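Two complexes come next, and they have one chain in common, chain A, joined by chain B in the first and chain C in the second.
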Partner chain A sequence: MIKFTHIFTLLLCTSFVVQLTKISQKLTAKEIIEKVDDNMSSDTQITESDMVIHGKRNSRTITSKTYIRGKHDSYTEYLAPAREEGTKMLKLDDRLWIYSPSTDRSIQLSGHMLRQSVMGSDLSYEDMMEDRELTDIYNAEIVSEEEIDGRNTWKLELIAKVNDASYHKRMIWVDTERFVPLKEELFAKSGQLLKETIMSNITKIDGRWYPKKMNYKDMLKSGKGTDFIVKSIEFNAEIAAHIFTKGSLRKS
Partner chain B sequence: MIKFLLKGILRDRSRSILPIIITALGVGLTVLLSGYLKGAFGDIIDQNARFETGHVKVMTQAYAENKDQVPNDLALLNVSEWMDTLRADYPQMQWIQRIKFGGLIDVPNAEGNTRAQGPATGMALDLFSGKSGENKRMNLEASLVTGTIPKDSGNAIIGHDFSEKLNLNLGDEITLFGSTMNGSMTFKTFIISGTIRFGTSAMDKGALIIDISDAQLMLDMDNATGEILGYLKSGVYEESETSSVAASFNDSYKQFTDEFSPEMLTLREQNNLASLLDYADVMSALFIFIFVLAMSIVLWNTGLLGGLRRYQEFGIRLALGESKANIYWSMVMEAVLIGVIGSILGTIIGLGITYYMQVVGIDISSYLDNSSMIMPSVLRAKITPSLFYIGFIPGVLAMVFGTMLAGIGIYKRETANLFSELEV
Partner chain C sequence: MKLAFQLAYRNLIGAGLRTWLNVIVLSFAFIIIIFFNALLQGWNNQAKEDGIDWDYGYGHILNENYDPYNAFSIQDGHNLIPETIDNAIPILIQQGSIYPEGRMVSVLLKGIETDQNVLKIPTEKFKHSTANIPAIIGKQMADATKLAIGDEVILRWRDKNGAYDASNITIIDIFNTTVTSVDAGQIWLPLEKLWNMTNLHNHATMFVSNNEYQVKPLVNWEFVTQKALLKDIEDIIATESIGSAVMYLVFLLIALLAIFDTQVLSIFKRQKAIGTYVALGMTPSKVVSLFTIEGTMHSIFSIVVGCIYGMPIFLYLNQSGIKMPEFAGDMAIGLDKAIFPVYDPLIIGLTIIFLILASAIVSYLPARKIAKMNPVLALKGKLQ
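On to the complex of A and B.
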């Protein structure tokens, strides 16, 4: 009887391992990334979020509402605090405008200004601007399987195949079941780690798994990084076309 | 004796003309190079002190650590109290606040859309109080190309080259987009009241100068500043005095456990100026050493030739009973006189060329197109009191040294052989 139990357990374990191996064998790194993209993106998105910026002296929370259309267009309106209220950002393809209610002017950002931090956070405008598919910019390969916070992940290494990639190398840990990235590291060509992102509070929303909290950390700066907390998110919601025009930036 | 030797030098020019020419050339070059080094390095130090470092500078330790990035989020708070403390503790210095900031200048067209853009290097000075002396220190009035210094809030002056690049005219509006002390976006519209040219490429390419009260408002830096600069009231940088002020301040107020406590740095401790100051001293000493050495070798050779030519003269003098030491020292005295004459001539020539270089200078602006260092675009020599005597060191030393070496031959003459030598 004891022998039978042992054999049964062994068979069960073997079967489980074989199944897991089959999944990872079936999927290539490119397919995993495509599945992540499918899970994380949608035709449109409306997100209300808090950005908690941990500075050296204090922390600030900035609330904003973002409308996203496809992969290239987005519109963000800052709602709080009062200092930021009414500031808007519009991104259409590779162009970015910022509107200031105090001067009633829209300024298009370009050149080195895109490398500046957004609102003092650990994110740059350039980070926000990147809208190409990862598979268009990087060659990916599965490096290993690791466990993060009790979740099995594929560790993917992405090496840039184009010259104008913001980061030469990315390491991404993707949840093997939910196809959600749990951690990402961004490297310079020199091999120096530049930024790290930790995704947490993975929640099922409209049938897909989505991280409701992301911590972005500029590794060249000291501090606790910037938390991006999703307060609400709607996938494939209807968004009026005029939102994605320069006219929407002006005072409403 | 001196009169006798002088007569000899003047009457027998063949014995003195070559050494005098060599000495004058060497001295002239020493004076010119010393003057040029003093002028060029002095200008660089002075420009840095006025624009960037002060004679001393107070910042938070965290700001000082990253000061090249102009981290206004690490600025010094409660600045009015710190200003009171500094004025009370160190009255020999004048204390002023400055804020540096970066941003994007956007020039709107009639419809409010972007017409031109460029990155700006902003500097906020105390212009409105009338007590800071910043106008004079930064030579603002004299550096204005067009317009006037800002007199009202919302006015700005801009680098002349920058204004041409952005096609700006006086009275035009510009919008500065940047980050506040807390990292928020900030937008502020300014009216151009003047354009300026400092002669410093790093500044002229993107300078924007506004009053500090405007900057504090724009950058959410109420009662805060990036830097407090201290200038000795004499206006001249004194290493020992500034070092003692900085040491005293840091002993009293710098706390190693609090990165936001203030720290005072001297000019020497900023922008790698220590190495520049040391380099200037070393280079001056090196030039003098090289000229003493090189001229000594040449003059030794000249002395040897002169000694050979005067072989008979020395022989007769020895035969008449003059001691070898007496002849040797009369030669040395003669060398001193020739050295002095050569040095006077060389100093006059050197000072003349140095004065020309002081007025005209060497234009290095084409080499500074991409430079971010505060450097004058024209390097000029400077006539200082030391130039009036510095040439006498290599001039007289080299001549005397060369003659002393050449004159050793006198001691090798055998009195017993003198008459047979003289018969030849």
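On to the complex of A and C.
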């Protein structure tokens, strides 16, 4: 009887696992993106990170602390090196201000200036401004399954369904178990590959898998791109409301 | 008065080397003033002519949202081409980036009609090109990006909705101009091609008018006259004029100081002669006039001497031009490889009058002392 119970339990478990696998296999691209979104985002985030900008001759590291509220508001304070220390950046919805301690002035970036690179990196301010849901902008489909660094991934193809998407096409490789993107490619309307992001050092933090290293690369430029290394991250931490006001753009 | 001139002439010639040293120094100042003014006038004329030929035409018609001095206005500073516009060529301006040798370089994309003849941009080259996206750039841009004719470079731009697009462009021609505003950081493309690339069909940021353009009010567009466009060049020349004036005023000051010294010395040395003049019936004011004329005649001599050696030099420079250093073209001040000086009769006339007046003043100042002299003591040659 005990043996039978064991066999039954085993069968039940096997059936459950098979069922689960089938569920995951049946996930649509949209659902995968939503799961990725759930995994990667939280109500608030406090991140301390290093941005390593690889130049032709040498690399430089910029340390910053970022506070994120929801999907639209963020505040970053640069901590090192001395040249950048005290520089602050505030994003509220579609507006972006930069505070420079040397001039003790804040300026709002708009239009042409948003296309400039962030501190000489491969990231533009505009890349940081894009905060719409991917599913709102793109039609997604799973095109294949591929292996990246020993991890099984879904390869998703996202084609813009709105006219004002910066990138007409995106390819995203999502870890099938951890729902973490491992690689992303951004394409122009002509099909030219413009940017590539590679996520690595995937670590479990507060019950979610999170890439602690991201390499952003402008594929039209030579060089090794820009590394974004997360030193510490807190999800759903309490952040004072005044952080997300223009009043925070002052000398500390 | 004639006697005063005769006496002054004789005294000056009699002074020999002292007179000629003064005259030569003053003639240098005279020549330098004329030369620098001619140089600036030549530069001014050349910069204006080039500006009209390459950029300004007979005036710009700008979209009301476009400000040439504000890069932020490019994105929205365009509109549909009005149907009522004649004798003006449309230009659409957009932003983009090129990646020569893997470096990102921000550029202005300027779409222009291939069959235009208002500007000297060699747009007829577009007609013969089979390249997917033919592009023309200026020499300054070519030097900065190390691009040559036939080179392909990847261009990234955005369409009217902000979506990125990228493709190779082919450099089909490189033009040489002194007008930086059509060269540095700019890529000229066929207008139709730029319309297709950006989906901004029939849009223009500005128009360049020709000499037959009739100014009329256009909704959403503002006419900027050629004179207003040339003001920037005039302001640069005016600034340069002040800078060079300082230099030749120093020369002039040295020459005038020499005349002043000579006058002081001759009044001191010729006290007996002054006493004799007064004793013979000349009033002190006449004696003052005599010495003033004598000093002023230095300037007349210097003008004659300056003309003798200056004219051949000026004629030569007028033919060959004044060679500018290689880097001059990169300085964004409209300098060509050589500047041909322009000698303005008004400037020459004013310089002559200024020189004569200045030397008359410095001659008169020490001569005033003569009026206070005691003729008896002067005759005795006593120091006063």
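Rule of thumb we're sticking to: the second predicted complex is superposed on the first by the 228 of 252 C-alpha atoms of A that agree within 3 Å, B and C clash if a C-alpha of one lies under 4 Å from a C-alpha of the other, contacts with A are read in each partner's own complex, and residues count from 1 in each chain.
Assume contacts are C-beta pairs under 8 Å (C-beta built on N, C-alpha and C of every residue); 3 or more make two chains touch, one makes a residue touch a chain.
The model shown is predicted, which means the values in this text are computed figures rather than measured ones.
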{"item": "Clash or fit (per the criteria above) of chain B with chain C on chain A", "value": "clash"}
{"item": "Partner chain(s) touched by A:T87 [first = chain B, second = chain C, both, neither]", "value": "first"}
{"item": "Touching partner for A:M119 - first (chain B), second (chain C), both, neither", "value": "first"}
{"item": "Touched partner set for A:S110, first chain B, second chain C, both or neither", "value": "both"}
{"item": "Touched partner set for A:G223, first chain B, second chain C, both or neither", "value": "second"}
{"item": "Partner chain(s) touched by A:Y167 [first = chain B, second = chain C, both, neither]", "value": "second"}
{"item": "Chain B versus chain C as contact partner of A:K189, first or second or both or neither", "value": "second"}
{"item": "Segment of chain C intruding into chain B (one of 148-156, 238-246 or 292-300)", "value": "238-246"}
{"item": "Residues of chain A at both interfaces, chain B in one complex, chain C in the other", "value": "110-113, 117"}
{"item": "Contacting residues of chain A [partner chain C, same complex]", "value": "110-113, 115, 117, 160, 163-168, 188-190, 192, 194, 218, 220-223"}
{"item": "Chain B residues within the chain A interface of the complex", "value": "62, 73-74, 104, 106, 108, 112-114, 117, 119, 175, 177, 179-180, 182-185, 187-189, 220, 259-260"}
{"item": "Complex interface listing, chain A residues touching chain B", "value": "53, 55-58, 60, 83-84, 87, 98, 100, 102-113, 116-117, 119-121"}
{"item": "Residues on chain C engaged by chain A in the complex (per definition of touch)", "value": "71-72, 74-75, 95, 97, 99, 101-104, 106, 154, 156, 158-159, 161-167"}
